[in-house]
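Labels A, B, C, D and E are assigned to the chains in the order they are written; within every chain, residues are numbered from 1.
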Amino acid sequence: MADTLLAVADLTVRYRNGALGVQGVSFEVRKGQIVAILGAAGAGKTTTVRGISGFLRSEGARVIQGDVTFRGKNITNQEPHNVSRLGLFAVPERRKIFANLSVQENLEALGKGMVTGDRRAEVEALIFDLFPVLGEVKKKLAGRLSGGQQQMLAIGRALMVDPKLLIIDEMTLGLHPSLHEPLFEAVQRIASTGSAVLLVDESTGNTLEVAQHCVLLKAGQVWAAGPSSDFIGNELLVAGYVGE
Amino acid sequence: MSASEAPILEIADLTVTFGGVKAVTGVSSKIKPQELVAVVGPNGAGKSTLLNAISGLVRRQTVGDIRFAGQPLQELSPHRRAVAGIGRSFQNPPLVDRMSVVENVMAGAFGIRDYRVVDQLVRWRKVARSERARELQARTSLDFFGLGGIADTPTSEIAYAQRKLVDIARALMAEPKLLLLDEPTSGLGRSEHAAMADVLRRLMEPGTMTILMVEHHMDLVRDAATRVIGLQAGEVIADGATHDVLDSAEFQASLVGTKR
Amino acid sequence: GCGRAAPGADSGPGGGSEPYTVSLFADISGPFAPFVSHGVGGFQTAIAAINDAGGVNGRQIKLNNPIDAQSTPQGAQVAARQAVGQAPVAILVSTASTELASVASVLAGAGTTTLAVPNDDGQAVPPKPYYFSATVSSPVAAKAYANAIEQELGTLSGKNIAIVVNNAATSVAYADGLKKLVEAAGGRVSNYLKNEPTISSFTSQAGQIMQNKPDAMMINDSTTNTAIEVAALHDAGYTGAIFGGTAANDDATLKKTSDEGGDYRGPREWKTPVEGDQVWAAAEKYGHLDSAKAGVYFSKGYMLAYALKAGLEACGTNCDAKALPAAMAKASKVTAPGDLGFGASGFTADNHVLLQALQFFGWDKASGKPAALGQPISMVD
Amino acid sequence: MNNVLLAIFGGLPLGATYSLIALGMVLIYRTTGTFNLAHGQFMLLAAFVLADWQLKRPGSFVLGLALALIASGVLSAVVYKLILSRTVGQPHWVAFVATLVLGVGLDAAMSLIFDQPSYNISIPAMPHGVVDLFGVKVGWSSLVVGAIGILLSVVFIIVLRFSRLGVQVRAAGQDPVLAAQGGIQVRRVYVGAWVIGGVLAAIAGVLYGSSTIVDGSMSGMALVAVPALVLGGLDSFEGAIIGGLAIGVVQGFITVYLGGEYVNVVTYSILLVLLLALPQGLFGTREVLKV
Amino acid sequence: MTASTVETASKAATGPRVKPWHLRMRSSLFLAVTLLAVTAVVTSTQFDYNIFLYNTFLLTCVGALAMNLLMGTTGLVSVGSAGFLAAGAFGGVWFDRMGLPFVACVLGGGLLAAVLGLIVSLPAIRLRGLALGLGTISVHFVVIFVVDQYQQRTPGVGVIGFNLPPLFGTTVQVQHQWAWLLLGVVLLALALVSLLGAGRTGRALRLIRDQEQIASTQAIPVTGYKMMIFAITSFLFGAQGALTGFLVGQVSSEQFTLTLAMQYLAMVMVGGLDSVWGAALGAAIFTALPFAMQHLVSAVLGAQQASLNGAKYGVIAYAVLVIAFIVGAPGGLVRLVSEGARKIQARRK
């Protein structure tokens, strides 16, 4: 389809120890869409994200089968900076920030794709509006922030590049509930500008509410997939999630 | 006041300062045995810092008085506090990646001196016996968390949520009297919150444990906690029975995070 | 000692056609290798030449492959044991003195004639009947320095001598010896400075030395340090003679120190082969030109091999490991094609050192070559 | 009084050499998190190449210098590509040991290729005279070394302060994968840093070599400069210069008041105290450790 | 929570990389038996110099085991091992000159090194990683300076160093006796290292290694443990130094170089960190390597080249080998072997 941004076909990722993190996962993300990946702990959500974003080698993993296509280009097993250059930005699991850089520097430690000029002022305003605390601690070393503040910073970094596809793994991890709603709203706003968002999040309800499409993983495979509306209050979801 | 009414943890005017900025400001509170207290509050409110102060990780930056079972902690190093019966888990689980899961859990039992360094060199029988018992205990504990299947997996290879649980299982190995949990459910799905609540209840059952838990998920707090302390900008702004605090309108916005 | 498991006597008798077996160990690797490993080339060149010229007493010399002592005492021990185990008539050694000292007991146990490039300073191995060397011990070398300085200044009495050495045991031993001799002759050691192995400035020290206005100097240091020191001394206004050490006597050092304006003299214990002479040709023929170019250790090895030949000749056709030491001691005159000594070569009776004179060299800017300065300094009383 | 001046003016030129060495090591450390203990070998290679060139073609300099800089830069890039890019994700000290072993191997390789016992470098424009500073005579050449070191660090500080490159470089040094995911051309930044680091080493090697004899012992200089590096803070360019000069002066005082044989032991004792009292050095960033 | 709450997507069986107590003990025991057998074979079939070579391997094993405990298990990067060896060797010399018997000299050398180790552990409490590495370089220079001064100031010793008396007299059997004596020492060291590295202490040390900031919250006295490990490993290094002095018969400050210290770092990395087998294999490789390289070079380039430049090629080959291991097999030889075995097993299934 013309507006397909990301196509994942038969993705199989193997870790160094031989374990298959995911097996034969397929789905698509279209422009303007929010797609959610759901699944229990260890179901393979993070592995899927890694398989797409190229964040594999440092984890000792490889895509051994299947294709990941982004904006028409095959990015399977590509280096992260090449993937990023195409406009894909991933916020990895576990608050990945540069602990020994200040908050401000973290927001600038980005490659060519970083917003400039007026747009930058706009984006920064947006970030500090979403997360006012970050504005107060611009000079602080990121490693000294609280857990939630680090997560805010990680998301803030993603906004600094205006990505075509934004992937956020465990978006609300450690964030106070009062921040959830504005954050989901922000995600919707991003999608509405024609970008797309691939979302992994523990707060299933909110996620399903904002997402158009949903992929439910179980034990490394797609257990169910379809429009989010199908999932809300669905038995299948409960089964896939909790495991009978 | 009966003995059991005496607070197990007594915090008086606790202040933690990082380079001039106060992360915790004049916090005072008494926690009684067998309470399950939830600490809630916005990001950066000082919740983790409070736990760090109790377990002794930010000793130099701390002023104020903390007493555990009547004993002042301020002079005690973190490992002595652990020996005294304070166990904890972490917001970002610090496990030894190059050990198997079960060994990570067993590492939590260090404080139980069933044998000493010297025994290790000479009393092999005794050590072997203790080790077997310890391993069994760890496996049982992993089973309890539904992690029995990954007990022998290298820890570098497990998913994030599993790490969080392993961290808690490790904290339990020392059979602490006071258990500090930092966001036990972050990274767990909503349906797993209920399971966590169940775990917490079962931990409380024998009537020997007191839990102080930092948590953002109000469903779990509601479900499990007997009391809630609300922190904001380092100060206690609410302290009371769970429902009283969670339902009071004035704390809804700032603490609970529901509609503004 | 320990080495008696494999006595070296059975190479002996046999007919005239059977070769003499000779073992060889050396610091082929490790920190000392850049200097001493070239002794191997000298041994090999000379023995190949001797064999081609018909051998000794009608017998060839079979030189075994060199064993690496690795510049460590442990390595030297393994190497020495292996050498003794080969049951040779003689053992050739090209290691530094520490390694040699560490194998003293092994060699003593075997009693096999040992011809070694370094000297042991008469401490670890007290002069032994079977032990022969091509390097003087530090007391003897110190005497040579004192003689050379006296030659330059006319007298030591009332003179200020400054000493600069690398803070390594060997160099310090030379300097200590010189200090004693200078003071005994009525002179004064105005500065006695010790250096770390790597320095990159000598400005402060040069200033300190100049405060005492020395008449002559001794520097016993590495090539790089020597270059820095001479330059700094020159900058500080020193114009007198500087007597260098055996570790800094190569062409590049002589040129550099001369470029910097110092009057530096590097001592050479042996001549080095030069293009066109007999030794150079032999080295080229037998594939050791690289070693020959590398300097004085090649020459030491070369001369020791001819000393061995002299000993074997004196010992006779049926010479064996038992008989050789005594015969060797009689080799008071050793000659070799293209003799490399600065005087007569032969073993001194008291300490079995082959070398008998030493020559200081400076850089001759006009010819772009090193040039001998003054007379050879005799090292025998 | 005279002794004090001797110590200071004797120590400064020494410090200038340390500074120049430290500068290259800081660049590599800051970018790739590798403490490059083969830096001395990079210096040596450049010095050998130039000296060998001058030996064979006396009088010619510029081309030889260019070759020397290229040789060292290329070696540096190759070392990064073949070895250090592959230790990513392993602890810092793995790279530390790798560069140490590499140094040993490079020393052996170079002694095979450059088989003269020693070489000379002469820099045509290098002033040979002596300046008299308050009664202490200091060689011009050491002043030149110091000036070049200071100039180069000023350039680095300006370039990295006033462009986003500085942040990118430090980000790449801390977490290459995360940096790459943010679109930073980590590979280019790394190779660039190694090449420039190699060229800086070459400059240091040529300058130092011109003041002495060039032989294998030069590669030991990098280790001698380590205390300067730690004093300045491992990741600070200003620190490299000031740390280098300071350690140089301290060593000047040690030689004047204690004697040359105490230089290493006293300097390294100072280093130990420094590591304990001020682990991040004068200008370095303190590492954040937080649970 | 029920057993099925946490799904595992792994499709292949994964073995634990680190084993519980009884498996660790079993592998140490296996190593002990192997060493015993090798010693028996070597002493009964080999000549004097080969046994001597084997003896130097056994000595190296002691240090490698100590290094394994220090760096592999506890994560303390030390470049100070040559310093500890020197302290032990000179301690041995010192006690020998006081007229003490052999055993007292060796134990005394070890204890002297252990005291030094305790002093070193004071900075180690605050330093980690690279900083600790640099700190121990400082310690190296200080120790070597002190022993060098001792050597220079002892009359009649200066250049060459100290001589130590031969231990087993001058009989032919001397190296055999040494081999058995040293085997005993290695087995003691092995027992010490593996017993400390397993069980309760072992887990604590690994927690200190990987998660130092929080180890104290698990009731581990981090400071005390670091001091204990430094003291114990320094003792082992010290005893090794003294024994080496007696085996070789000579001790000189020049023997204890920074390169020697590096060797121990590289050794445990090539063999495999946090594994007694890794330590033993590393020691074996590093003892045999110089000789193997010499032979290799002379086979490839001919004896002529070998005598002249063989060692240089050898050093290059050595560097290449070590770097190849560091880069290509981060777990060292032990991991390489175990993963190879696992693969073969997987294929059989």
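Basically, contacts are C-beta pairs under 8 Å (C-beta built on N, C-alpha and C of every residue); 3 or more make two chains touch, one makes a residue touch a chain.
As the structure is a computational prediction, the values presented were derived from the model and not from experiment.
Seen from the C-alpha centroid of chain E, the farthest chain centroid is that of A.
Relative to chain B, the most remote chain by averaged C-alpha coordinates is C. Each chain gets a centre from the mean of its Cα atoms; for chain D and chain E, those two points are 32 Å apart.
Our note on geometry: chain B versus chain E, Cα centroid distance of 40 Å, whole angstroms.
Between chain A and chain D, the centres computed from C-alpha atoms are 42 Å apart. Centroids of chain A and chain B (each the mean of its C-alpha atoms) stand 29 Å apart. Among all residues of chain E, those that touch two or more other chains are 2, 4-6, 8, 10, 14, 213-214, 311-312, 315. With touch defined as above, residues shared between interfaces to two or more other chains in chain B number as follows: 48, 57, 90-92, 94, 154, 157, 161-162, 165, 192. Residue positions of chain C touching 2 or more other chains: 167, 290. Those residues of chain D whose C-beta lies close enough to touch chain E in the complex are 35, 82-83, 86-87, 90-94, 96-98, 100-102, 104-109, 111-112, 223, 226, 230, 234, 264-265, 268-269, 271-272, 275-276, 279, 289-291. Of all the residues in chain A, the ones that touch chain D in their complex are 53-55, 57-58, 79-81, 83-85, 89-90, 92, 96-101, 105, 108-114, 141-144, 157, 161. Residues of chain B that touch chain E in their complex: 55-57, 77-79, 81-83, 87-88, 90, 94-100, 102-103, 106-111, 114-115, 117, 120-121, 124, 127-128, 131-132, 135, 143-150, 152-154, 157, 161-162, 165, 170, 174, 192, 195-196, 198-199. In the complex of the two chains, the chain C residues touching chain E come out as 1-6, 28-31, 33, 37, 40-41, 44, 65-66, 68, 70, 72-75, 77-78, 81-82, 84-85, 97-98, 101-102, 104-105, 109, 120-121, 123-124, 138, 167-170, 172-173, 176, 287-288, 290-291. Those residues of chain B whose C-beta lies close enough to touch chain A in the complex are 18, 41-45, 47-49, 91-92, 154, 157-162, 165, 182-183, 185-192, 216-218, 253-254, 256-258, 260.
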